[in-house]
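Following this line, the structures themselves.
Two complexes, one shared chain (chain A), two partners (chain B, chain C).
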Partner chain A sequence: MKEKYVKSYKNNRHSLNKFLDLSDLREKAIEQFEKQGFPNSKNEKWRNFDLKEFEKIFFNPFVVQNEMNLKFFNAIPGFEESELFVLYNGFSSFEMQLDKFKNGVIFGSLRAAMNNYPELVNSYCNKINKQYLNGFNSLNTAFCFDGFFLYVPDNTKVDIPFSIVNYYKNTVPDMVATRNIVVLGKNAEVNIVQVEMSDEHDMQFVNSITEVFLDENSKLEWDSMQKYRGKTIAINPVFIHQKEKSGLYKTVSTLRGHKIRNDIHCKLTGENCNADINGLYITNGNDLIENQVFLDHAVPNCDSNQFFKGILNGKSRGAFTGYVLVRQDSQKTNAFQSNKNIIISDDAVVHTNPFLEIYADDVKCSHGASVGNLDENALFYMRTRGLDEKEAKDILLSAFALEVLNNMKNIDFKKIISSEIEKTLLHN
Partner chain B sequence: MADEQNKVIKDFAAKEYEFGFTTDIEMELAPKGLDESTIKYISEKKEEPAWMYEYRLKAFRHWKTMKMPDWAHLKIPKIDYQDLHYFASPKNMPKYESLDEVDPELLETFDKLGIPLEEQKRLTGVAVDAVFDSVSVKTTFQETLKDLGIIFCSMSEAIKNYPELVKKYLGSVVPHTDNYFAALNAAVFSDGSFCYIPKGVRSPVELSTYFRINTAGTGQFERTLIVGDERSYVSYLEGCTAPMRDENQLHAAVVEIIAHKDAEVKYSTVQNWYPGDKDGKGGIYNFVTKRAICKGDNSKVSWTQMETGSAITWKYPSTILKGDNSVAEFYSVAVTNNHQQADTGTKMIHIGQNTKSTIVSKGISIGQSENIYRGLVKFGKNAHNSRNHSQCDSLLLGDRCGAHTFPYIDVENNTGIVEHEATTSKIADEQLFYLKQRGLNEEEAVSLIVNGYAKEVLKQLPLEFAAEATNLLSISLEGSVG
Partner chain C sequence: MKLLEIKDLHVNIEDKEIIKGLNLTIDYGEVHAIMGPNGTGKSTLASALVGKPGYEITKGTVLYKGKDITGMEPEERALEGIFLAFQYPVEIPGVSMINFMKTIIDARRKHKGIDPLSPVDFLKLVKESGKLVGINDKMKGRAVNEGFSGGEKKKNEIFQLAMLKPELAILDELDSGLDIDSLRIVSEAINNLRTTNNSFLIITHYQRMLDYIKPDYVHIMNEGKIVKSGDKSLAIALEEKGYDGVMAKN
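Up next, the complex of A and B:
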């Protein structure tokens, strides 16, 4: 199967760079992919993720665009007060949409940004350490064509949130390779709201890479909701570089998905950083949702916090791997990790791996993981108060799930996600 | 205070290995290298029956198809398996009837280790089956045990005298196909202990084995098999030391434990093999497969280990909880110093209903060492109402060492409860300050805190061992306690 992608690349190598010019990055990436191939389940990082589709199905990297159906906007209210950018099957829905605001903020299509501000974009594109890139990532670099780009200059605070909608709807097995870049200058502050969703459709492979750069004392709040219907396989790694005193506040809620993999790779390179990463996964049917967080404490005096929760039903599988690396001399690090899971059905499976790798002595690191069912005493108490079993369960489950959203600052979006979570739980 | 602390750590790091002495006893060595003729040599030397030779050969052929695993968080220099002696035994080994007949020099070795056979026999009532490089030299208390029907002998004797039992259980928990080192062990194992407790018998004494690696360039491959039949109870102790050698010595043992219905097996080990010098030169490679199965309902297996030695330790004493209502425990203290590396932990595989397991792991890293806890807790689909609680704490003394925790938790049903907690920290300045304020000096304070930290595990050790383990821990910290 590997050869098919390589061949497909070789046949189209010139048109790709005409579309989005990455100069020789694509060539290097395809060479790398030829060497690596797709990861397999023998690879420690992919042991819980089922990769058998990639042996059988060729996901065409050249997406066939069909007409966009704008009806779905009605399904997600709450974007009236924000700057909205929509990617439809990975393409900017309005041809080359790119806005430059008075305060210098640039927001819109990566492709358009590359045309208009090539130097700026190139200085932030593909800055990921090679050792962390797998075959999927190389394939993304070789074939990516668009994505979102957000640039917030130094000393700029933006009040209204930037909203990004990724919407996927296809009828043939396609690979959608999107590339996203978020850059915050010194003292910049911004809130991103992201909705990733797909329609009922056949097998589709969403292969994205997002790179985030947080300069000194900047602050990024980034809340996303994922609701992939149909047979979507989504591999969404996010690579974050944090400089001194910067803050990351990220919440990912995955409410549905056939095979979803969210990797968050966060490197703290300046002192006094804060990384706060929260996640929720609700699975049902044959879903497989996996979150992996890699937190690299490369310098002293940083704090990180990972808080993930899962509710599993049907024959679904949920997996969490939290990896905290505290490098030598990264003293006074505080790193916390928590993963709690509730299994509702007898056929669901949870894998949880809270890892710590620590090379500095003056640190406070802890992790906790638990797997279980609803607390029977709590259920009993609620029933003595006159609630029937289902009501009591619903209340307990939604209370369990909504705790993940506690730190969200964007109240409007919090309301939307909360109601979506409750709906999903009721439906399940 | 920082300076003082550094001094404490430096002193401790400079601590030399206490048990580094070599006993000059003439050894009979197998030629270096490993091929089918080595297997034949070992089997013939040990006068084994044909089925045992076949078993070894099968394992060896399988081993040849395998590759050494590399997933552990360890830096292992390349091991040349052809450059080792696979068998060493003191020449002209007689069968001893009493301790008087034993080579005095050999007895002295045990004396230096602090485990004189006589002393143990007389004062503590512990039956010791001492393994000295590969062949069992003395089995004490045989008679007392015989009356109860308890079989406690060396593996070679068991193969000769109880072939049916050995055939039935050998390789039933750790098959030769299990992993690289299990295959190697099955092919070339030299000796070890065999222990069978018949139905309804409670062993009145604690059974104990001491292992010691003596000859340079030999690998030690023991094979231990403990079977607790229905309603039986046994507590088994194992201790290990090895003399100081510059070359690294390979140790790849296999321990199998079978607990039938209502049986209880308690396995305790103190391992203080030569860890190499302060520059990381020499030391033992300890790559051991230890696994127990709670085969019958209501059975119980308990592992307690104190790991202070070996240059590289790579082992996960595990339990398969197959019987309903079975219980497994794992208590571990692992101390690493200088350039030692330890990748250790446990696996709890829950298969039966209402099974319960507890994991308590305490890691202490000093100097430039690496201390890793790696554990798996798995609840199978039918392990309803099962329960696990894991606690893994790491203590760092010094800023050049590493302490890592890699737990794997896989749950496949909705009635089980798993909880895992872990913390990593150094000794808090407040605690030290408090103790110093009460009149303790820095070194005493460190020792007190470390002992308290490990107490939860140490108290699980049988009395004689607990004293030795506490001593070992104090010795480990002696440089700092003054």
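Up next, the complex of A and C:
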């Protein structure tokens, strides 16, 4: 199967570079992929993920898109207010949409940004340490063609959120390799809201990479909702580089997904950083949703907090791995981690793996994980007040889930996600 | 027809018989107190009356307004007007008091086939009920019982009672965890809520609560049965002579 991807690359390399000129990056990536192949379940990081499709199915990595369908906009209330950018099957839906605002902010298609500001884009593209890249990531670099690009210059605070919709619609097994870059200059502040969705009857492989650069004293609040219907497989790693005093506030709510993998790789390279990462996964049927966080405390005096919750039903599976690395000189680190799960059905399974590796001695680190059922005493208490069992369960579950959104400052988007969560739970 | 008639009630928990043939009749407007040593089944009676799962009624009947409720779900009993103030009120993280009250008030009104309370009327009811037991606005915004002190939790139970106005209120050791001042406030609230149409079943270890809420009847429970019934003077005799002293006369 590996050879098919390599062959497709060789046939299309010129077209790919015409789309998005990465020249030798692609060559190196495909070489790397030839060596690595896809990860397999013997690899510790992939042991809870089901990779068998990649042995059987060739996900065509080079597809030219024509059809655009923007009707679904109306389905997302509250979006009119914000700067909106839509990627349809990975492509900027308005031809090469890219805006440069008066304050210097650049937002839109990565492809267009590469054409207009090649130096700027190249200085932030593919800066990930090679040791962290797996076969999926290499394949992304070899085949990526578009994605979103957000650049916020120094000392720029943007009040209106930037909204990104990733909409996937495909009934044949194609691979969609999107590449996204977010750059915040010194003292920049911005809010990204993102919706990732695919349609029922879909069958595709979303293979993305997002690189995020937070310069000194910048603040990024990034809230996303994922609702992958159909049989979409999505592998969404995010690589974040934080300089001193920067703050990351990220909330990911995954409400549906056949096979979803969200990896967040966050490196704190300057002192007094804050990384606050929250996640919710609601699984049902045969869903598989996995979150892995790697928090690299490379310097002293930084705080990180991971807060993940799962509600699992049907025969679904969930997994959370929270890896915190506190390097030897990273004194005064505060690193906290929590993963709580409620299993509703007899057949659902969740794997929770807290993993703390601490080399400094003056640190505060804690982790907690729980897997359980709904609190029977609370259910009974509510029933003695007149609520039937179903009502009481729904209230308890949604209260459990919504706690993940507590730190969101974008109240409008919080309302949208909350109501989507409640709908999802009711439906489940 | 009496409000509550319990006849020869037997209750098992995990195949162990805890209540062993209990009889009790409560009429509209009456206050009954059940006292008794630890482990005699007082709280089991309270839980069984509201239908706690796992509390198996093996024999006997419980007629509430003439209808046998032993097969009813907890929420059906609640909607019919039975309320339990828990000995250990349960925390419900993430559910604010105010939303919780709104939901349960709506559920009750829906059951009775009446329109939901208007927001104005609802808030008025919340305010009046809160005032009765000294529950402030801050507490109403907090999650149900979460981080409440022992006393606050008990006050919250009576706050709910005031909101819901049940016909039969069972108070399971309401006095435990309450300081003297709180006990007085809560007791006065209950006295305020007494009418000729509602009744109270007070479960307590101590007579002190009965100084504030004057019961019409006092029952002594031992080994799963009511062994002695009388008026308020029985509670005073208990305080003086202890359970052994009072029951020895039997």
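The rule is simple: the second predicted complex is superposed on the first by the 425 of 428 C-alpha atoms of A that agree within 3 Å, B and C clash if a C-alpha of one lies under 4 Å from a C-alpha of the other, contacts with A are read in each partner's own complex, and residues count from 1 in each chain.
Everything that follows uses one rule, which is that a residue touches a chain if its C-beta (ideal position, glycine included) is under 8 Å from a C-beta of that chain, and two chains touch if they have at least 3 such contacts.
Quick caveat, the model's predicted, so the values are computed rather than measured.
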So, does A:Ala378 touch the first partner chain B, the second partner chain C, both, or neither?
-> second
Touched partner set for A:Asp346, first chain B, second chain C, both or neither = first
Partner chain in contact with A:Phe400 - chain B first, chain C second, else both or neither = second
Classify the contacts of A:Lys364 with the two partner chains as first (chain B alone), second (chain C alone), both, or neither.
-> first
Touching partner for A:Lys10 - first (chain B), second (chain C), both, neither | neither
Looking at the overlay, does A:Glu389 come into contact with chain B only (first), chain C only (second), both, or neither?
-> second
If you look only at chain C, which of its residues touch chain A in the complex?
-> 50-53, 73-75, 77-79, 83-84, 86, 89-95, 100, 103-104, 107-108, 111, 143, 160, 164
Once bound in the complex, which stretches of chain A touch chain B?
-> 44, 328-329, 331, 341, 343-373
Chain A residues touching chain C in their complex are 375-378, 380-389, 391, 395-396, 399-400, 402-403
Touching chain A in the complex: which residues of chain B?
-> 71, 73, 379, 381, 394, 396-426
